[in-house]
Amino acid sequence: MKYIDTTVVERKMGKRLLANKIARLVFLLATFFGTAVLAVLIYRVVSDSMGWIDKDFLLNKLSTDPERAGILGAIYGTLWLMAVVAPATMILGVGTAIYLEEYAKKGKFQSFIQTNISNLAGVPSVVFGILGLTIFARALGLGSVVLAGGLTMALLVLPVVVVASQEAIRAVPQFLREASYGMGATKWQTIKNVVLPAALPGILTGVILALSRAIGETAPLVVIGIPALLIPLPNGILDKFTVLPVQIYYWTVDSALTAEYANLAAATIVILLIVLFAMNSIAIIIRNKFQKRF
Amino acid sequence: MDRTTGEKRLDISGLIEKKKKTASVGTIAEKMIPGILFGIAAISVLTTIGIVLTLLTETVLFFKEVPFLDFFTGTKLKPLGKDAVFGVLPLLTGTLLSTAIAMAVAIPIGLMTAVFLSEYASEKLRKILKPMLEILAGIPTIVYGFFAFTFVTPLLRSFIPGLEPTNILSPGIVMGIMIIPMVASLSEDAMSAVPNAMREGALALGATKLEVTWKVVVPAAISGIIASFVLGISRAIGETMIVAIASGSSKNFTFDVTQSMQTMTAYIVEVTGGEAAAGTTLYYSLYAVAMTLFVFTLIMNLVAQYVSRRFREEY
Amino acid sequence: MGITAGNINGTSAQGIGKKNIVYSTQDLNLWYGDGHALKSINLDIIENEVTAIIGPSGCGKSTYIKTLNRMVELVPTVRISGEILYRERNILDKEYKVEDLRTRVGMVFQKPNPFPKSIYENIAYGPKIHGIKNKKVLDEIVEQSLRGAAIWDEVKDRLHQNAYGLSGGQQQRLCIARCLAIEPDVILMDEPTSALDPISTLKVEELVQELKKDFSIIIVTHNMQQASRISDKTAFFLNGEVIEFAETSTIFSNPSDKRTEDYISGRFG
Amino acid sequence: ACGGDSKDNADGLEGSVVIDGSGTVFPFMAKMGENYMGEQENVSVEVSRAGTSAGFKKFLVENGTDFNNASRSIKDEEKAEAEKQGIEVQELKVALDGITIVINKDNDWAKELTKQEIIDIFTASKGKKNWSDVRPDFPNEPIKTYGPNENHGTYEFFYEKILEEQALPEKINLQQDYSTLVDLVSKDKNAIGFFGFGYYDNNKDKLSAVNVDFGQGPVEPSLDTIKEDGDYAEFTRPVFTYLNVNHAKEKPQVLDYAIYTMENAQEVAKETGFAPLSDEDKQAALDALNGLKK
Amino acid sequence: MGITAGNINGTSAQGIGKKNIVYSTQDLNLWYGDGHALKSINLDIIENEVTAIIGPSGCGKSTYIKTLNRMVELVPTVRISGEILYRERNILDKEYKVEDLRTRVGMVFQKPNPFPKSIYENIAYGPKIHGIKNKKVLDEIVEQSLRGAAIWDEVKDRLHQNAYGLSGGQQQRLCIARCLAIEPDVILMDEPTSALDPISTLKVEELVQELKKDFSIIIVTHNMQQASRISDKTAFFLNGEVIEFAETSTIFSNPSDKRTEDYISGRFG
């Protein structure tokens, strides 16, 4: 059999290797494209915000006057929102994860909940907004207050916490459970005293990531309804509120009317990104610190 | 048990025995906890049911006022005023066009990124690039919206003269950029799962890296890759803030991407922002559109799950 | 529960003299799904003795020992028939609370499995879950248990450090101490030294000898020498059956079954 | 009512004032609310801008908004609804606005148009597709029409009072947000749109206003010409806020805010691009309000 | 490249007669990071012979064979010194294109690694990437290669089914066929039968005997019988060194080194 002519193969080899080289370069460029966009985005935002971020900007209340406007209200709103989202997702997310991993019998029902959770993760956030608007704001009569927004957001980020907690719980070695049962501990004692403490870093990482998602979400809150101008600071979970991303939204839209609003939006974005970056760094630190322990 | 070891010892078992008589409260908690946890786990199911029910009940009311066929075949959407018309096609074309543009950006770049990371990049480079992508993935969509509106649109307008100040092209592109990390990381997972033995088999035949990638690794990982595309599409369909800011609210029925158009998501934001009063057709239309949106993304997610489950069984 | 008391002598093949029976296993069968892992086991365990269980891999040693504290039930597919009388009550009875059982019957596992907590917390874990909150009492239990497991001197200065900082042998003795902290009646040990180096193994063996003054001990081992060194009785398992159960000296010097002889002389397993 | 001593709540007021409605009036009311809160620290004034008509829907319900801003007067059917709900409504005229016809900065041909030409441009049946259809010497380029959508009083005023209920062009670009409109017109050379004077006034650097010839030569819209008897009178309209009298009686801060608004209306109007109302109108409103005090 | 030709006789311990040398390895050293995996290897491979490489686990057999087609470079930490002349050109030269080399030198791996494609596509993959597009020609190559690997009859009716439907032994022969499809000069085999059952092993061994008519074959094996059955020459590796390289019959009947003897008589490894 003499089909493969080595001289032909060698002749073609140059072309193939060139193709490979070019492809490598193209793939490299494609990979850097995302990074480049990130750089441009950050550069744009930072340069637009130049001179607008100062103590007053952080500590002033909202105002129609760009020179006096500050984001203290949005910061308060974000904090209050987190005060609802954090415990709500923790309880719901970790509870669901414990149920699925430790109590549910492997079978149809468990996989039904599991499928349901991955589908929830794919539901667009505006749809959660509609849910929140219909159920929390209107049917329960809460109105567009922190509690309504927070509960909506908690449901939205629930899948993130559930999945992360499940993974963390699954990673706790069976022999630790056995050790505890062997001491005469009940199931719940074992979960509470052994499984959860061991899974805590993983759970925390998931919760932080979920919160950082919630901090950046805009659509559900816009759908629930946040006043375009809300100057007073929220003082509880039953107050109306605004948050950083919603403020960015209104300022971006209104920048067509008052050009400086674009700078305010950019300045708020910088603050938001700093917060998110810090949160993600913490999550990564926790993850790395506690990675391989058993 | 009286142990006789001489030295004085604590009678632990006695202590435990004593405590046990008073510890019945604990047993009640023990019995209740599975129930409580079940209740908590059920909330995720309730949420889904809640979504479906809220959407469904109002959607049914909507279709009492606007015939089903008119809604899905209507090319005109004019939700306000006395001569309101509800045709969803303008929103569907808006959504589909923005999704198509986004995927035209995200699929090639995301896939090439995945190929680079899984097949070409050294371990060191990967360690730098992956966190970058993670950052890109973590940027809130409102920020992308701002970016599209204040940077990408003006930039595009400088060389596409006919481009309207709000249009579907610019948010589509930015949405694509936003989705790149998702496509890249899911596709990379799929490619990394292809056993090295396959790469070696091909390399040993004199294949170049490109040939290994294109003819062995990518085909072997294809279902995972496709799943990443489908999830990307689902994400694009559901994306809201970028289009709400940068694509305007014109309810044009057109395929011209330089025009201002509205997506289903942006319609929802507009209508709730105008705060439609309950009981009006406008209000119901919100739910009909949201239902359509929900069904679309649900189908996409199920498809993605189905495809990637098949993929996991392959080797 | 006096009803069953009469059965004990009848079902067991061994003579018991006047010593107390702790565990009496009666016609125990166990299946993992369709796999018949234990077949008609009859076995009596005597108080304050060390009973060794030997046999080739997969013969059901771990399964049997885990049945004695019902740990085997963690495998969802398990089905059990027969009776195991512990102190004359059938532990396989639905009524019997496993938690109670496991408080009376401690277990030491093949791989040391301390909790990722401090040494102190590891020992205090058991008493705490059983409701002992008093700090003084806990302190005392911790010291007493660590002394009991012959590890007190090695760890007394680092009680609040993480238990994962200990060597494998220390970890295993810590696990034994953890067991002692709830002052069990019986201690089950599933190849407690197989993950340890020879010196640590020796220490554990000495400890077992010491402990049998206060506890009844059942130990699974792969190591024939170990069984002969430390146990009073030995049971030889094969394919889920008890082939022979007798005084350790008898088993090793004069086994009555050919298969036992083959096994202990290293001809298979 | 000066809340200088914030601890003494008997003197200072507290609670919230919720305002929605006209986007035209929004800048006026936002400024007003902000000023008010500067004086009454414990009162929270929320201002939104759903549009006049949408705003009335939120105003004429149980537990509705306290004020509804309107760029047209209340309709008969809305009055009927108020009666049905048992809500007593007090109309407060706060300022005067001129419907301003705006074009792109680069538009150098349509700086002056007759009222009829404007009507023709915005009337579907007249079929003015290109600028050259309006006047032969105008460029042969498409006319792009813009305006606020049907949520807005401005639309309704334009449609009812100026177009006399003739249908608008099919392709008109109607928007919810005025800022979007400003942006669109400022970036589209062939654009022509309409909205309140204030939005033009704030964006003079981005937009040009059409000087309208009502028969006596072109009139530039300005705070001087926009008067009930001024040269721009035909396109002038009063803008209002409607007060829920029931709320005003129950909640002192609502009544106080109403009085404050009327006292400062003229001044804030000027700052936000409205022509001030006459002293008589102001006094009449104040008298009516003071009559509501117990 | 004629310069090196003169060295060949000098460096190799074996007489070569007039046979052609395919590979001449000269003072080859290889490190994985700091681990010195190959130490001063000198070895000549003769055309149309089967050369077996034997030695205990970890001695460097796979490393050596993977160096012959530079597959070892996939490990990023690898450093190499020395020369490997393949057909008188130094393949370790940067200039030498690995793709060319690998087109001339086929490789069969320990675990069968067909592509997740049809049987046909598996075989056609090599020719296709090397530029053969003609369907007729491809068909013929596929058939010939499968015949060459003695698997044609078993698969001819299912050419378009997925290769993963084949048994392990069939898969391995498919991989050999895939190798043949690019008409290599040399075939490297790294324990090609260690994952196969005895019958499949036999078939592959027969195949190797058949193939050596047309190809030079280097085969790594753990199986002493296999080496003695199928190879002409045998190299014994130990700790990264070639201890002995000679006619297979000599190695197995009359090794000159004590360690070789120990190894083949099963005393260690």
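Read from first to last, the chains carry the letters A, B, C, D and E; within each, the first residue is number 1.
Definition applied: a residue touches a chain if its C-beta (ideal position, glycine included) is under 8 Å from a C-beta of that chain, and two chains touch if they have at least 3 such contacts.
Note that the structure is a prediction, hence the values are computed from the model and not measured.
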| item | value |
| --- | --- |
| Shared chain contacts [chain A and chain B, defined touch] | C, D, E |
| Per Cα centroids, the chain farthest from chain E | D |
| Inter-chain pair with the most contacting C-beta pairs | A-B |
| Per Cα centroids, the chain farthest from chain B | C |
| Separation of chain B from chain E, taking each centre as the mean of its C-alpha atoms, in whole Å | 49 |
| Separation of mean Cα positions, chain D and chain B [Å, integer] | 40 |
| Distance from the mean Cα position of chain D to that of chain C, given in whole angstrom | 86 |
| Chain centre separation in whole Å, for chain E relative to chain D (CA means) | 87 |
| Interface hub residues of chain A, defined as touching at least two other chains | 9, 16-17, 186, 253, 255 |
| Residues within chain B bordering two or more other chains | 26, 206, 208, 211, 273, 275 |
| Interface hub residues of chain C, defined as touching at least two other chains | 100, 103-104, 130, 182 |
| Which pairs of chains touch, using the document's own definition | A-B, A-C, A-D, A-E, B-C, B-D, B-E |
| Touching residues on chain B, where the partner in the complex is chain A | 26, 29-30, 33-34, 36-38, 40-41, 43-45, 47-48, 50-51, 54-55, 58, 108-109, 112-113, 115-117, 120-121, 129, 132-136, 138-147, 149-151, 177, 180-181, 184, 206, 208-211, 231, 234-235, 237-241, 244-245, 265, 268-269, 272-273, 275, 278, 286-287, 290, 293-294, 297-298, 300-302, 304-305 |
| Complex contact set, residues of chain A against chain D | 63-65, 227-232, 240, 253-258 |
| Footprint of chain A on chain E - complex, ascending | 97, 99-100, 103-104, 127, 129-132, 137, 140-141, 144-145, 148, 182-183 |
| For the chain B and chain C complex, residues of the former touching the latter | 1, 3, 5, 9-13, 15-16, 19-20, 22-23, 26 |
| Touching residues on chain A, where the partner in the complex is chain E | 1-4, 6, 8-10, 12-13, 16-17 |
